[in-house]
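What follows is a set of structures to go through.
Two complexes, one shared chain (chain A), two partners (chain B, chain C).
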Partner chain A sequence: MGEIIQIVILGLALGGVYALMGSGLSLVFGVMRIVNLAHPSLIMGGAYVAYWGFKLYGVDPLIMLPVAVVILAATAVILYKLVFEREARSAKYSEMTVLLTFALAMVVEGALGTAFTNTQRVTSPDYATDAFFIGDVFIPKGQLYAGMVSLAIIGALALFLKYSRFGYAIRATTQNREAAELLGVNVNLVGLVSFAIGIGLAGAAGSLVSFVFSFYPSKHWEWIAILMSLVVLGGMGSILGTVLASLILSVIAAFVGTYFGATWSTLTFFVALFVVLMVRPQGLFGEKPELA
Partner chain B sequence: MTSLDTNEVITARKAYYAGLAGEADKGRSVWFPIAVLALLLALPALQFTGNYNYLIHLVLFTASYVVMASGWNILGGFAGYISLGHNVFFAIGGYFAGMIFARYGISTIILAPLAGLVAAVFGYVIGLITLRVRGPSFIISSLALVMIFKILFDNWDFVGGSNGLSLPANDLPVQWAKLPYYYAFVVMAAFTVWASYRIRHSKFGLGLRAISKDEIKSESAGINTRFYKVLAFAISAFFVGMAGAVWGEYLTYIRPNIFLIILVSVNMVLMCILGGKGTVAGPVIGAILLVVFNEFFVATLGASEINIFATGMIMMLCLMFFPLGIVGTLARLKKLPRILNWD
Partner chain C sequence: MNFRTLLTTTAALAMMATAAHAEIKIGASLPLTGGFSIAGAKNKQGYELCVKMLNERGGINGQKVELVLSDNRSDPATAINQYERFINVDKVDAVFGTFSSKLTFPVANILAKYGYVHPIPAGGALRIYTQGHKNLFYFQPDAAEYVGRSLKGLIEDLVPEGERPKTAAVVSADDFFANAIEAGLLGQKVMNPADGSEVADLAPGYLADAGIKTVYTEKWPEEGFNDWLTLANSIKRSDAELIIALTASAEEAVQLTRALKTVKATPKMVYYSQGTQSEFYEGTKSASDGILMHTAWHPAAPFKGLLEGKEFTNADFVKAFTDEYGEAPDEDAAIPFAVCQGIEQAIEGAGSTDNAAMGKWLSERTPENPVRTILGRFAWDDKGLPLNKPFLVAQWNDGELQFVYPTGEFPEVSKMTYPKGGF
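Presenting the complex of A and B:
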């Protein structure tokens, strides 16, 4: 019994981090219909911000988090202006952007790899290797903090989307772009801001990831499939769905990892992605079957 | 009042189309690809005058990508289903032929068509499953497929797991050692381009192009879209698998890291986009350009990371400013040189 609780707790803590990694992706898809395959590589960028902040100046990754958010959000604004604004008029837009963001992911990977080489890195504040003990069950502090911070950020995002005026505009654009535009929402601005928020979340996730996983630039390919599985299972565009999907899949993956070995735990995500796409492409909470 | 006989109308229409096709044929320079092929077949004679192994390797490498990119083009270009997971079939072909070669010593060059068929069977089955979805979902499912196969091959001890398997090298003198593979790839490339031409000009190819324009309309026009798509998937898997078969023996080892890295599938996609997807000549031109680019980047900058950066950059610029590719853009401007008009 103790073992099962242990596995569930580890899975949930990791699931919290995955939830933050996936929610930016989901937000961007919901508002802009961009399947942003470059999201994980931008998370990698956030991880490097936190890593160098810690390595060079000894700043805690949790304090570097806002810095990473700002840097990544600024990058997002530039990318949006340069690339995505003009693409929005193209006919096969959503298919086009998949390839485009795929290429962008390679650009980011290549740039990070050139700058920082492909060696494995991990930020190591004290709590990253420490743990709480409750009876037999241990809770790694790093994963616990990361999971809690990420759920707090997602909570704040949800409140913003639900109660602020701009949040209304974002949700309106997600539900129906044309109708929102007709009612006077500046959809282009909404697109820009939610893209910046989404990529900013990638920065936040990156600084959390930096002490939870070891990372190197080409690792983002693995994350792409993991994050896609969360977002697709949750229903593209639904942030609540993404959070639930991450918690569910991470716990399942933790069980698979314990009983069958660590390699197979990642396979859980990939198989889930494949099966969900084939069986229920709209996911748990998705409403728009148009992607299918 | 004139009475219209259906048969007369049909004959008249047939004659009209034959006239159009004849006109198109007049504008086509068939001699050019044949001359290129003859040149490539004669190229190894250079070995009598010195060591041109590097040149031979480059042509071989390009030819292998011509096979793969043209194969990919049948699904991605003609039918419009973009797959980022076609290196799965590269791996299947490579492992199938490589394992038989390692166990029974039958050369992979002989096994290549068989390996292609095995890949095609896999492609057929996978296509039956994944082609139910379209657009972004299909692309993402193809990525998931690569990840799944990577883990499976990495952990399949029978084929050597992630360390792979080394294959015996042939015992020809160094000067001639590359030649069997060279000829195999050049012949395969020629065959692939020919097949791609024939497919484009068949009823099947017409159906695929209709699917890429509007799948729902083509279905209501009576095309069995599901069968067409799955068949296109299988055929494109056939070519990619065939290339994989010989590639393993040429490198003298097979390993998941050779076949199942993302760069291989990206190259296939990028070559088609760069050259012009949906055209016969596009993948060939794309393959030549990209191999030259790659050699240039590796030779001048040396690092594979820069190579990834540059590949991504070319792909982005291409997609943003040049979505029809070289052949497609030139054809739209009606400036396509006759020697490149292979469609």
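Presenting the complex of A and C:
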């Protein structure tokens, strides 16, 4: 029994981090129809902000998190104005953004590599390699804190979307862009702010990733497949779906990894993706593209 | 000026231009981005430093050396294309090898096809040397399959009989190089991937030979694996006294070490295939204490090499590297430097960049009349593997990578810390 509890804990801990990594991606797709393949590369950007804060000034990555959010959100505003805004009304916008963000991912990777070299980095606050022990079962502190901060940020986002006036506007735009615009919603501003929030979440995720995993600029290619599968599984655009898909699949992957071998644990996400696409192509929460 | 004069003048000018620019072009494709980027970047430093120093000393046989470098993104297909391009488009006179068994294996076929001497900085899998190529020269101690010999020797020579580890967990990346070391440790058969024939049967394996029972084995996929805590937890639950982690990169070694620390594993001994780099220590700090790893090079090893025919010691290399880059070198920079020394001596020995002559000269080296590098002496068997070169085993202690085995090799040997205990 202890072993099973342990596996569930490890799965949830990893899933919490995936949830934050995926939720920004999901928000940006839900509101803006941007399939942002550059999202993980921007997560790397957040991770570097946390790394240099830690390396140069010894600042804890959790304290660097808001800094990373601000820097990445500001970057997002510039990117949006430069790259995404002009085609926002195109009927083929989603398709176009796939290529656009693929190129953007390469540009971000190249820029990070030039600025920070391709050497692996990781921040090492004490809790990153420590754990709470309850009898034989342990809870890794780094993953626990990262997971809790992730869920708190996603919770705050959910409240913002559900109860604030701007949140209404974002949800309205997600559901029907034209109708929202007819009712007086400034969809361009909504788009810009949502994009900034989504990329800000990448910055937050990056700060957390910086002490959970080691990273280097080209590492984002390893993330994109898993994150896309989580977002599609949850139902493109549903943040709640992404969170649940992350938690459930990470637990399943931990069981698969323990009982069938580490080689198969990564495959779990893609097998689940195949199954869901066959049985329920809109994803787990695809019908309701806002937070329930 | 009539047409004939013009033609003659042009031809004469062209010949002068060629003579003035006569230089030796050497191509190297390295993984500067992607999974092997850390080692790739250091390989680049090693190659570039050597070429720079050769040119400062007047070049090879009086000809300047030009290094043509490309980033293969840790991708085998790209590495193949780049060597094809070096040979057919850039018309290089010689090549330096690339990093990792994974990239070296396919590249070996291309270089063999064109008859280029193939000096290999990193490519330890035995299968590379059993394809029948006659142009391979490996610049590390031995094939990866035989790394376990050093571990077995170290345990038998340095650990008193009653205190030796009795059980082992062997975890490994599903990678060419890591699988090769594992095959030797566990006594597996090595197959030729081309035709399925048996290359070597390594039974019963170095661990069984040393009286150590393997209680846990696991492999993780080469890319996209993140679940290090679950793996570390399984290792801990196996209660293995010896943890052997065969990672494909230093990054994986960092991830696993941090996870083993988090789960509070307490093995007697830990042995890695990667982790001599300063980045490993930066990511693991005190958790690295007591971790053992094999290496081809150590800053304290009193190797004496040659550069432009003059003595150039390992200590000279450490100083030159530190002056150039502002940081101390590690083996990933030292090995390519030695490769470059080897090619320099081959060109001088052959008297030209005729690769057939260079290959003949290299293959005629003997332990008494070897290629002399900062990694020591090299002479090769007919497969391209070095003769009589033991691996060095190093251990991290208090942030310093100390050289601990074999003990009879040099005076600068440190005492091994044992048992390791916690991370």
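The criterion applied here is as follows: the second predicted complex is superposed on the first by the 275 of 292 C-alpha atoms of A that agree within 3 Å, B and C clash if a C-alpha of one lies under 4 Å from a C-alpha of the other, contacts with A are read in each partner's own complex, and residues count from 1 in each chain.
The criterion applied here is as follows: a contact is a pair of C-beta atoms (placed from the backbone, for glycine too) under 8 Å apart; a residue touches a chain by one contact, two chains touch by 3 or more.
On a predicted model such as this, the values are computed, not experimentally measured, just so you know.
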{"item": "Superposition on chain A - do chain B and chain C clash or fit", "value": "clash"}
{"item": "First (chain B), second (chain C), both or neither touched by A:L277", "value": "first"}
{"item": "Touching partner for A:M228 - first (chain B), second (chain C), both, neither", "value": "first"}
{"item": "Touched partner set for A:G184, first chain B, second chain C, both or neither", "value": "neither"}
{"item": "Chain B versus chain C as contact partner of A:G142, first or second or both or neither", "value": "second"}
{"item": "Partner chain in contact with A:Q120 - chain B first, chain C second, else both or neither", "value": "second"}
{"item": "Contacts of A:T266 with chain B and chain C, given as first, second, both or neither", "value": "both"}
{"item": "Contacts of A:G2 with chain B and chain C, given as first, second, both or neither", "value": "neither"}
{"item": "Which of chain B and chain C A:G58 touches, first, second, both or neither", "value": "neither"}
{"item": "First, second, both or neither for A:A254, with chain B first and chain C second", "value": "second"}
{"item": "Residues of chain A contacting chain B in one complex and chain C in the other", "value": "109, 113, 117-118, 217, 222, 225, 263, 266"}
{"item": "Of chain C, residues touching chain A in the complex", "value": "32-35, 37-38, 40-41, 73, 174, 218-221, 223-227, 229-231, 233-234, 237, 249-251, 254-255, 258, 261-264, 279, 282-283, 285, 287, 423"}
{"item": "Touch list for chain B against partner chain A, complex", "value": "82, 84, 129-130, 132-137, 139-141, 143-145, 147-148, 151, 154-155, 262, 266, 269, 273, 303, 305-313, 315-316, 319-320, 323"}
{"item": "Sites on chain A touched by chain B in the complex", "value": "35, 37, 83, 86-87, 90, 94-96, 98-100, 102-111, 113-114, 117-118, 217, 221-222, 224-225, 228-229, 232, 263-264, 266-267, 270-271, 273-274, 277-278, 281, 291-292"}
{"item": "Residues of chain A defined as touching chain C within the complex", "value": "3, 6-7, 10-11, 13-14, 109, 113, 117-122, 124, 128-131, 133, 138, 140-143, 213-214, 216-218, 222, 225-226, 253-254, 257-258, 261-263, 265-266"}
